[in-house]
Amino acid sequence: MKKFEDLGFSKVDLDREKRTGYPEVIYGEGKTADQIKKIMETLIETHGKAMVTRLSKEKAEVLLAVYPDADYHDVSRILLYGLPRDKYGGDVMVVAAGTSDLPVAEEAAITADWMGCKVNRLYDVGVAGIDRLLAYREDITKASVLIVVAGMEGALPSVIGGMVQRPVIAVPTSVGYGAHLQGLTPLLAMLTSCASGMSVVNIDNGFGAAYQAALILKLANEGVANETALS
Amino acid sequence: MKKFEDLGFSKVDLDREKRTGYPEVIYGEGKTADQIKKIMETLIETHGKAMVTRLSKEKAEVLLAVYPDADYHDVSRILLYGLPRDKYGGDVMVVAAGTSDLPVAEEAAITADWMGCKVNRLYDVGVAGIDRLLAYREDITKASVLIVVAGMEGALPSVIGGMVQRPVIAVPTSVGYGAHLQGLTPLLAMLTSCASGMSVVNIDNGFGAAYQAALILKLANEGVANETALS
Amino acid sequence: MKKFEDLGFSKVDLDREKRTGYPEVIYGEGKTADQIKKIMETLIETHGKAMVTRLSKEKAEVLLAVYPDADYHDVSRILLYGLPRDKYGGDVMVVAAGTSDLPVAEEAAITADWMGCKVNRLYDVGVAGIDRLLAYREDITKASVLIVVAGMEGALPSVIGGMVQRPVIAVPTSVGYGAHLQGLTPLLAMLTSCASGMSVVNIDNGFGAAYQAALILKLANEGVANETALS
Amino acid sequence: MKKFEDLGFSKVDLDREKRTGYPEVIYGEGKTADQIKKIMETLIETHGKAMVTRLSKEKAEVLLAVYPDADYHDVSRILLYGLPRDKYGGDVMVVAAGTSDLPVAEEAAITADWMGCKVNRLYDVGVAGIDRLLAYREDITKASVLIVVAGMEGALPSVIGGMVQRPVIAVPTSVGYGAHLQGLTPLLAMLTSCASGMSVVNIDNGFGAAYQAALILKLANEGVANETALS
Amino acid sequence: MKKFEDLGFSKVDLDREKRTGYPEVIYGEGKTADQIKKIMETLIETHGKAMVTRLSKEKAEVLLAVYPDADYHDVSRILLYGLPRDKYGGDVMVVAAGTSDLPVAEEAAITADWMGCKVNRLYDVGVAGIDRLLAYREDITKASVLIVVAGMEGALPSVIGGMVQRPVIAVPTSVGYGAHLQGLTPLLAMLTSCASGMSVVNIDNGFGAAYQAALILKLANEGVANETALS
Amino acid sequence: MKKFEDLGFSKVDLDREKRTGYPEVIYGEGKTADQIKKIMETLIETHGKAMVTRLSKEKAEVLLAVYPDADYHDVSRILLYGLPRDKYGGDVMVVAAGTSDLPVAEEAAITADWMGCKVNRLYDVGVAGIDRLLAYREDITKASVLIVVAGMEGALPSVIGGMVQRPVIAVPTSVGYGAHLQGLTPLLAMLTSCASGMSVVNIDNGFGAAYQAALILKLANEGVANETALS
Amino acid sequence: MKKFEDLGFSKVDLDREKRTGYPEVIYGEGKTADQIKKIMETLIETHGKAMVTRLSKEKAEVLLAVYPDADYHDVSRILLYGLPRDKYGGDVMVVAAGTSDLPVAEEAAITADWMGCKVNRLYDVGVAGIDRLLAYREDITKASVLIVVAGMEGALPSVIGGMVQRPVIAVPTSVGYGAHLQGLTPLLAMLTSCASGMSVVNIDNGFGAAYQAALILKLANEGVANETALS
Amino acid sequence: MKKFEDLGFSKVDLDREKRTGYPEVIYGEGKTADQIKKIMETLIETHGKAMVTRLSKEKAEVLLAVYPDADYHDVSRILLYGLPRDKYGGDVMVVAAGTSDLPVAEEAAITADWMGCKVNRLYDVGVAGIDRLLAYREDITKASVLIVVAGMEGALPSVIGGMVQRPVIAVPTSVGYGAHLQGLTPLLAMLTSCASGMSVVNIDNGFGAAYQAALILKLANEGVANETALS
């Protein structure tokens, strides 16, 4: 099988699923509906499924006309065609600090779901009302992997990071103003967190966080090599 | 009485106590021990007391030789001469996120004490171990004013801000590295806090936070005008 | 009573008034009129009042149709329903450097008023014409708490901070251009002020400044604990 | 058992192992040898082991005099006392772009090892000589988790991220000059990587990357809940 | 011949071709169609050709009505009138990391072509799928000069720089979001590349890269002075 | 006369006095005492005088051994040899906000004096004690040109700018910490001043401010062309 | 006479002309046409003239209906009513680097003219074609004061600063893209110029540069005090 | 032949000369003298020569003891062993704006020389005395490639870029203070230059500029492919 398909404007990476576990995902911004359609064709032909992120409603309508079986998610702006290959044990908990962080949280949730993860959502539990968070403390500690989405000062992942034994992937959002610097402030804050076990992805990158969460669950489901197994 | 004393290199503001409630405080950095000594002389002559902040041990020793009754605080690097005029009701709680934030927290505590406030200290209750903080929740809610000192991502003031009815003054510290940007990150994070009722001072400015806390207690102790009193 | 109401997209913090003295305030940006309406419903049911900040005229009209008794303030973009519980003694003076800073100054003034503070306004007294400010020097020194709003270089709070015995809360605004960096310059300038007793809130955050001012007046009105009272 | 030990200058978090899987780790910078010794005492009493990061040689010598069984690692500046509780199946590969990145890479490697991970090192395979990296492609794809350490422009994690099915944790280093901005440039570059499945930790934070890697292996070794197992 | 033509609003540099090898190129942004038309007139009169960059479709239509023989390139937004004077031996390879980088890559390609260079295009070979790039390794090593265009983290030029004996001119693009800082991140990353032999131009400046590439080919075609010739 | 002297490491600009009114001034930083000595030789030979700025005490001692008639000013770190050619009417007032700004203020004062200006100094009149400044209001309005030096938030030039009819040159200093960003904050603040008639020079650039002040006095002393004289 | 008129939303500074030589100028941005109209009324009543900067065409039309004798300048977006009181000897040369810098250059030219200065314009003489500049070298050296406007890298003021004996006021513009950072790059570059005698104003602040230039000519026309006159 | 030598701490890239035309160059910073010695051994064994950049005098002395035939250049801090393979026709002109830029200029000059280029040096011709530069205009136009080194505002490359037909590689230096931001300002200024045909390398990266210059001369000396030769 050839490793990529050269469409001129794009070299579709047909080998990516074999290498990285999942087919290429189409980043919808900065591509025309027509370009996306052609890349989708190639991906669907090879993998039987395709996912487009950051897709405007306008382009989505063009694509839904071509692929009526696809699903477009308004809040997360994701278009999905086809179903996940695997359905992993364990779960990903997507936690969001505020109502305004929902588009990013949903991008994470929809992505993780499509990549085969069971997803639990816990929204609007920002640290200014810590009791809301503490009310869910037991649920939080049971999650296999946690994606914590927060704008403003981005304090939520630090608090959660200190509560759990599981990896926390922090996602800063562009929700805020002034000294928030379009999300740079929570990004930097999360990177200097006093909690261990946390890592961070780009501002508003719910997709990236979910992708890594899915790779972690994939590893946990496939198990690690016998010869070095836990004694 | 003249409003200031002109020492050539400095115009000592003798009128400041009348205007702002407290005499001029000497910022020790960038001044020679000799310059500080001369300003102290003028202040002590007028007010009977003097305070020097950010004073190195070396300069402190020179000044202690001149003023053996003065006290030099190693951790906060403050030199004090004389006692506060007032002793306010109510108290200031100084909360610090980590052990490394102590110099700044102590600068706040020593300053507030010298300005007439009762000070309670609560140190090393950073958000990565939230139960330490929650163990003191009742004490926290009883404080009249809270100064919350934190380096790293600076999340502590947001959590405390959501727990209390009293003003919270947040102090970012230069404790951290990399994306912490010498304290700029917690500074910006605190400014974009999701908690209301918080304000922020400069990085490592424990003095400034305590100064405002003392003004608040001063107001609370002097009481507000009768004609508009609480019904 | 339950501590929060879970609306799915939001967990309304019903316990906040008990904890922090005031009910949750709705940040209007990034929420749909419908989401705001549902949160208002919950808040009004519990507290009999609600406040929405940063609300566009369009959304305000939708909400005013539902709550005809609510008031929408054009300049400050605040919607208010219901009246303050308390009416505090003392007053908050809102000082603005220039005419263009009015929307932020009004956000502060309307907020403080609704939280139970008597508000005095002193507008357009920027430092380039210092005599305008000096003409009001006596009024300034009589205020219980001062909120000082300034764009451009943000020098006004420093000048006022050196004149008064009361806490000054500085609010930088996004009024300016070029090196002003959308308000970052006055924000940083205010943080490095040579005046003591000042603290700072986020760019354009009139609401946050007023919130803290109200907490200060609340403390001053409730008085401080007897056992440590001023001798 | 009590949740923390209050040493005055520090509240040692004795409950952390139960909550997060590992005991508190001592951040050596900004603490005196004496403070570290006291925290170590408390930790060893409770957990039988202790780890100190970012420890200078001078302080290490003081501590080694007290704990002759401890090991101090020169390059990574880590002091270890006691052994890991678990020995996980699977492995962590630590990849470093250049020779100058070794201190950070070793901090990651020593940390992961102490936390119970088998560690493989692959050093000096920066992208300017891509064939060095390609020579190890098979090894790279076999790792369970990858920590990729790079200074300069920080391109290595992107290249590796496109080769593997496993989570990649990227660590920018402060190795570089000029436009490198003390590591801010590779940090930002890694955050905007075109590869999926990557997350990022703070500049020079080898410890944090290893900590998350160990949590991932821990999850993979403990397995995920049965009821949702992979079909 | 006069060195420049003074149009009032512009002093058209008629001497530039003699000095720098090519006539003045019109930067289309911030000029009206009418201003551009007048400058084109002057340039065509003197040089028989003209090039306009960053030209909107609207202004292009106005100019095409005046110069029906001109060509407007939609993707690169360049308008060309007349043909290159020279046709150089050797070639310029324009490499682009992703589909969204095409407008900048095309600006480079069209410019180089018009300046007399043979251009080869290699698009969508970003480092996240390194095998696509490696598939073209031989072609890459044969190019005389390489222009490498990349957004996101900007890693591609470093990888190519380590593969070739020829000068690499790196062009960061504004394609990305969040920590990408409108292209500042790949710009800084390219400047701190671990590969030698690379230089960098401004964000999205495909024109500038091509201009320098053409000067390099021009030198290679004209040859270097005999007296110091390669022995 | 030749326009410059080529010393190999330096091309001393002998023509500068004719062009710009003053001989080249030697910037002492980053040059060896020996290099400075050679440039001084050339300048003294041509102009009979020389000025060196930012000169360390160590290098000054070497040069004073060679030129015993030169004067070295400790605070401003300037070395002077020879006297000004002109002695202008009018005066330059150098105003400094705080005691720590003295080195920069003195650099300005010494420079202006050497360039032929009468200099008046007004130090330590920062805005936190506005009455000190107001006490000198009449003197301030009489100055021909004002150089206003301030660190911290840099508010002083704005206040003075609103008081006078004469040009104000603002000099930000590196005196401050944290959000002060080594002087970047007052620099940006001064650039966005609400006062008109102000311009700004680089951080700590007392020399540059004085240089421009001297050019202004020079113009005022030489008078403006008759044919357009003030009616 | 009262020092200011209190319009509620504005305190018009009637005393400014007496203090600073010119009446208050209205900054048009962020004010409604109605607010501007009212301030104009007050200013015209007192001074017989008024100037509005940064005024949109829409607002200008409203004002021109009220004041048909006013002049609106399209390019500079300035509205003028009334004539300058003085007509100074000497002249201001406004130099612009490129065609796109014209709006800022014209803001300077119109302002200087209205303030009583004779203005000479020299446009499109950027350093990439140095011969255009050199062709006007003699004119440049004859100007009394120079305002040099440049976007891009902002190199022009440095070149001119090295050619003249007169003060140079540099104005960076927002013309550029990418690394130009909306004008921050030429602003910083101008501040670190290797030429002496230059000062800088805010990005696009042609008004501010002209204002200072006029104050300089005013001083030169009024002459300096006799007792210290040039011998 | 094997492609690299694995020394454990380093994988020496033995294949680099074949790929990129030159052997690996050792970056001396952050490596011990012993590590450098071992890499030198490997390189000398394979290529018969080695170059070390950014080497301190201390480490150089250690290496000179081992390799007495090596040359250490004090100003540029480069150590050379062995001679260039080729001696190219054409020449590289290294132009420096000021005396303080010499270390960077010399790094470029020594590097280019060692890579086989004839080097001409033109130092201290900064734009504040443009006549010095113009005096060498003819020499400048004759150079095959130009490396232009400048600190402060970095204006020199723009002026030269507008004078020549040859590629200009601009090198910003860290010479400056305040708004110079350790070289970031001239770096950004050079990137936004109004001159075409320029590209830029990292701050103080004289080596990188020379490396690319040598690749350009190499191409010009080897000539371009026949089939597309200049007609």
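Order as written gives the chain letters A, B, C, D, E, F, G and H; numbering starts at 1 within each chain.
Basically, contacts are C-beta pairs under 8 Å (C-beta built on N, C-alpha and C of every residue); 3 or more make two chains touch, one makes a residue touch a chain.
Note that the coordinates shown come from a computational prediction; the quantities given were computed from them, not determined experimentally.
Trainee: Could you tell me which chains make contact with chain E and chain F both?
Mentor: Common neighbours, chain E/chain F: G, H.
Trainee: Averaging over Cα atoms per chain, report the distance between chain C and chain F in Å.
Mentor: So the centroids are 44 Å from each other.
Trainee: Residue numbers in chain F touching 2 or more other chains?
Mentor: Chain F, residues with two or more chain partners: 16, 19, 128-129, 161-163, 177-180, 187, 191-192, 196, 202.
Trainee: What pairs of chains are touching here?
Mentor: A-B, A-C, A-D, A-E, B-C, B-D, B-F, C-F, C-G, D-E, D-H, E-G, E-H, F-G, F-H, G-H
Trainee: Spell out the residues on chain F that touch chain H in their complex, using ranges where they run on.
Mentor: Interface residues on the chain F side: 3-4, 8-11, 13, 15-16, 19, 24, 27, 29-31, 35, 172, 174, 182-184, 187, 202-205.
Trainee: Which residues of chain G touch chain F in the complex?
Mentor: Per the stated touch rule, the residues are 16, 19-22, 25, 86-91, 118, 141, 144-145, 161-167, 169, 187, 191-192, 196-202, 207-209, 211-212, 215-231.
Trainee: If we count contacts the way the header does, which residues on chain E are in touch with chain D in the complex?
Mentor: So the residues of chain E in touch with chain D come to 97-98, 126-130, 134, 152-155, 158-159, 161-163, 176-181, 185-196.
Trainee: Applying the document's contact rule, which stretches of chain F touch chain B when the two form their complex?
Mentor: Per the touch definition, chain F meets chain B at residues 99-100, 102, 123-125, 128-129, 131-132, 135, 175, 177-180.
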